[in-house]
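In what comes next, chain A is part of two complexes: it sits with chain B in the first one and with chain C in the second one.
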Partner chain A sequence: MRNLLHEMNPSVKFLLITLSMLAIAFFFNPWTPLLFWAGIILLQLTMSRINWKLWLLFMLPFFIGAFGYLWTTVVFGADTGGTVIWSFAGIDVTDEQWARALSLAFRVMAFSTLSLLFAFTTDPVKFILSLMQQLKLSPKLAYGIMVGYQFLPVMKDEFTQIQQAHRLRGAEMKKRSWQRLLEMRRVLIPMLAGAVRKAERSAFAMEARGFTGEPRSAYYRPVRIGRIDFLMSGVFFLILLISCVGGSWLS
Partner chain B sequence: MLKSWKLKEVVLMSLFAVVFGIIYLLFVHAANIWAAVIGPLAYEWMFGIWFIVSIICMYIIRKPGAAFMSETMAAAIEVLIGNAMGPRLILSGVIQGLGAEAAFALTGYKHFNILVLMLAGIGSAVFSFVYSYFISGYAALDPSFVALMFTIRVLSGAIIAGIGGKYIGDALLATGSLRGYAIARAKKGDVNA
Partner chain C sequence: MPDEIFSLIGLSFRFPEDEAKTLTGISFSVHRGERLVLTGPSGCGKSTLLYLLNRLYPENCDGLVDGEILLFGKPAADYAAGEINHRVATVFQDPDSQFCMPTVEEELAFTLENLQTSYDEMDPRIQAVLELTQLTHLRHTIIQSLSGGMKQRVATACALIMDPEVLLLDEPLSHLDPYTAKQFVQWLEQLQQQANLTIVAVEHRLDSWGSFFGREIQMGGDGNIVADQKFTTRPSVLFPVRQPAVQPETALHAAELSVTIKNKQLLSPSTFSAHRGEVVVIAGPNGSGKSTLMKLLCGIYKKTTGTIESDGTGYVPQSPEYLFLTQRVDQEVAYSGASTHDQLHELMVNLRLDEIKEAHPFAVSHGQKRRVAIAAMLADKRPVLLMDEPTSGQDTAALLELYGLIDQRSKEGTTFLIVTHDMEFAASLADSVLLIKDGQMTGKFDAKDVWHDEELLASHHLLAPKGVARLAESFA
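Let's turn to the complex of A and B:
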């Protein structure tokens, strides 16, 4: 039970999440995203083994972002009519407006939670393999992306190296943040130039080992769609249905 | 579409996607903190940064699909790194990439001057704005505020992605590492630039 979300087929999970987000985006009442958010948290509580401390840490910026949405929608909201519930600094807030503001803020929360669900329960490499096997992503692209992914730590080292090289030659970091933003060029160009050379080398290496990028019928690591995926699709659609119908009914 | 692509071009896009994927993520976090203070407007002026990889890759590789695929790859890499925006980034990457691609397709993939690159930035801005309008529920906002957001995003797309993208592409060409790509051949005069 606790590893159902982890064992799902990544492509199925990806499609379900995208579909749910597109569906929720049609609703402007506060209840639908709230119910959906609650449903997703419940799903994570019962069907995954995730580190909740880390979860909170990742959610923190979105709590803040949701607050930003809340107040901009209140202040810059479209004229919707409705009765004024309170006034502040010359701004009249109607109940309609407040409901919409809450809805957008909850939407931010629901979407972030849904995204974290994916991030915390999906193995990146398996996701790419599944995109190739279930969604027919071209192997050329799929393995291309995986090469990039494998280079991540190398890039990190290179970034430190370039910075150290600059310091060694006495290139100073500017104090002001906007100046530092312009200085990014000094690190970015060498990194990109390095990336070009690495790309050439690894492409040659792949071709030398017989990689053609042709679509294939058999895979070394097959990723399949199983019974779990049908079950979980049912659960997702149930949550979606409850929040859409329940939300419209409650408001 | 991929038949005419060399593997090294695909891998090049992927490695650029890694570099820019990291930059994109840094700016997502910066923007999120900003967003708390000034609301969704915080994202708008930064949007050009998130379009830049498609313009740089198209400027270098000059093959149909370069803008669309590189932006999508950058989004995929962001998801692989792991972040709280998650799979929805892939969808927005696809849409932004299509916007830039549309601009290049309009010009028949023949011209890659600064105007076309800026047009591609604007294309990304327009496409992504339509998507944001829907997914973030801008319909709930005042039309004049939405118009302001749209203007800032288009400007950001044209200036940061268009001009910035060309600037980075040219700087990279000057390092000499791009020999063997369309951009270097065009400079020599084999292909009309």
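Let's turn to the complex of A and C:
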């Protein structure tokens, strides 16, 4: 049960999530995104093994963003009419304005939770393999991304080494953040130069092993679509249906 | 008469952006089962020649080919993309950029998928090649966690799984330490016999190969063949004999120095000192803490305990361009502002940077980059220089230049601490040797004594330098 989200076919999961987002985008009442959000969290609670502490940390910026939406819509939103429900400091808040603000805020929460659900339960390598096998992504692009992914830790090492070398030269850390951003270019140039060289070498190595970018006839690790995927599609559609119908009915 | 694998007739090659030809008048044939090595100075076109044999060139660089290249009796241009790579496999130089999948097994499968192997055949073939290469225990290991030597073995396994007739090697040892390199060559020798491979290698450091090769094609600087002869084992680079220039003053003294990062002791307390003009070689197995010691001495890492007294320590990383902060060589040297105009001028002339002072530091040659880095460190009043692996991937000419540079600077009082795997280089330069193992300093030894103590060397994954006999004579 706790493995279901992790074991789903990544492409199916990706398509379901994209579809749900598109569907939710057509509802402007506050209840639909709220119900949907609650549904997704319930789904994550019961069918995944994610690190909730990390999840909360990643959600923090979205919480702040959602609150920002709420606040700006309430205070600066266009006058839409409707009854004034409360007013303070000369600002009148109408019920319609409030509903729209809540709708926006919940939508931010629902979408970000959904995206994090995907990120937290999907193995990137499996995702790319699945994109290639189910959605016919070109192997050239797919393996290109894969090589890049393998390079990430090497790049990180290089980044620290260059920074250390620069500090040794007496390139002091600038106080203002824009100055620090400008300083980054000094680190990035040697890194880019190295990356270009590495990319060429990798391309040669792959080609020398017979990689031509042609679609392949068989996979060593086939990523299949199975019963879990049909089941989970059902669950996703159920949540979507309940939140759409329930939301319309409640408002 | 064994059958011909490759046959080149009057071949010449030019990159579209170059005026001069990279290769001219190349004619030779390779027969089945041969072990051939292509040698020559850096930039003589030996790698280009190798890439013409596996058809990476001319397609990938739009190069212009004249003459004939016959691969298995058929003109190279008549092969479809990727077709020849099933029969001619290649292992490259850099162990870090040959892989695209996370684990060994998946990497092997990547090759099989390229060959359109059917699903049922994949597993037996992976098993077979892992057994052949004795890598079965690494099947599920993450490639990036392996050492450089093991990565090269995995790369070779990935090449052999195609069941090739020819194996091309592009300086496969240049990133390995001598001990690992020797093991790799022994391993390859076995494989060659078991799989009846034809081997064509590009290599400028032949000493690690022993008597592996049967034939040598020597190339000249103009991309022509100078000699095509039976391979003879030869001594490694002959460095001139050097007079020590150690001065009595202490330049660096480290006492009870240790470092602990994230609760892991990377270096346990060590005490040693170095004199002005002394050349100290730091040696030990990979991951033993040599780089840690360097970074500690120059202040990149914070020491946990101990003291360092020195005249000022400078650091030259393996890639000197990591240090560069400006757009011009002269600005680079003057960056710290610690030297006067006259001192700067003297340094620039001394290190032959005067002629390239307006060039971009990234655009000059590797040797020049290193001289810029050294000049910048000296201009910043750091007369104790720490060099991290300056010999890695360098050809004979570059090694001799480096030797000359270190020799000259040490006479002028600069102290060098050099991490290197190249024992011949170390033996020719070192006044003393600092051995490290498992984050622990074994001790600082007089260079003369260390090279004869094979037991001590072997316990630190080092091989006695081949020039020892010659050195011993010169000391006598």
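Note that the second predicted complex is superposed on the first by the 251 of 251 C-alpha atoms of A that agree within 3 Å, B and C clash if a C-alpha of one lies under 4 Å from a C-alpha of the other, contacts with A are read in each partner's own complex, and residues count from 1 in each chain.
Assume a contact is a pair of C-beta atoms (placed from the backbone, for glycine too) under 8 Å apart; a residue touches a chain by one contact, two chains touch by 3 or more.
Model, not experiment: these values are computed from the prediction.
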Combined model on chain A where chain B meets chain C, clash or fit: fit
Comparison of chain B and chain C by chain A residues contacted: B
Touching partner for A:Phe211 - first (chain B), second (chain C), both, neither: both
Chain B versus chain C as contact partner of A:Ala171, first or second or both or neither: second
Partner chain in contact with A:Ile17 - chain B first, chain C second, else both or neither: first
First (chain B), second (chain C), both or neither touched by A:Ser202: both
Which of chain B and chain C A:Lys136 touches, first, second, both or neither: neither
First, second, both or neither for A:Trp71, with chain B first and chain C second: first
Which superposed partner A:Arg49 touches (first chain B, second chain C, both, neither): neither
Partner chain(s) touched by A:Arg2 [first = chain B, second = chain C, both, neither]: neither
After superposition on chain A, the shortest CA separation from chain B to chain C (Å): 6
Overlapping contact positions on chain A, where the chain C interface meets the chain B interface: 147, 151, 189-190, 193, 198, 202-204, 206-207, 211
Of all residues in chain A, those that touch chain C in their complex: 125, 143, 146-147, 150-151, 153-154, 161-162, 164-171, 186, 189-190, 193-194, 198, 201-212, 214, 216-222
Contact set on chain A toward chain B in their complex: 14, 17-18, 21-22, 25, 28, 58-59, 61-62, 64-65, 67-69, 71-73, 76-79, 100-101, 103-104, 107, 111-112, 114-119, 124, 127-128, 138, 140-141, 144-145, 147-149, 151-152, 155, 185, 188-193, 195-200, 202-204, 206-207, 211, 213
Chain B residues touching chain A - in the complex, by the definition given at the top: 2, 5-8, 10-19, 22-23, 29, 32-33, 35-42, 69, 73, 76-77, 79-88, 90-91, 134-137, 139-143, 145, 168, 171-172, 175, 177-178, 180
Chain C to chain A touching residues, read off their complex: 51, 54, 56, 60, 81-82, 85-86, 89-90, 92-94, 96-102, 106, 109-119, 122, 143-144, 155, 158-159, 162, 168, 295, 298-300, 314-315, 317, 319, 321-325, 335-336, 362, 376, 380
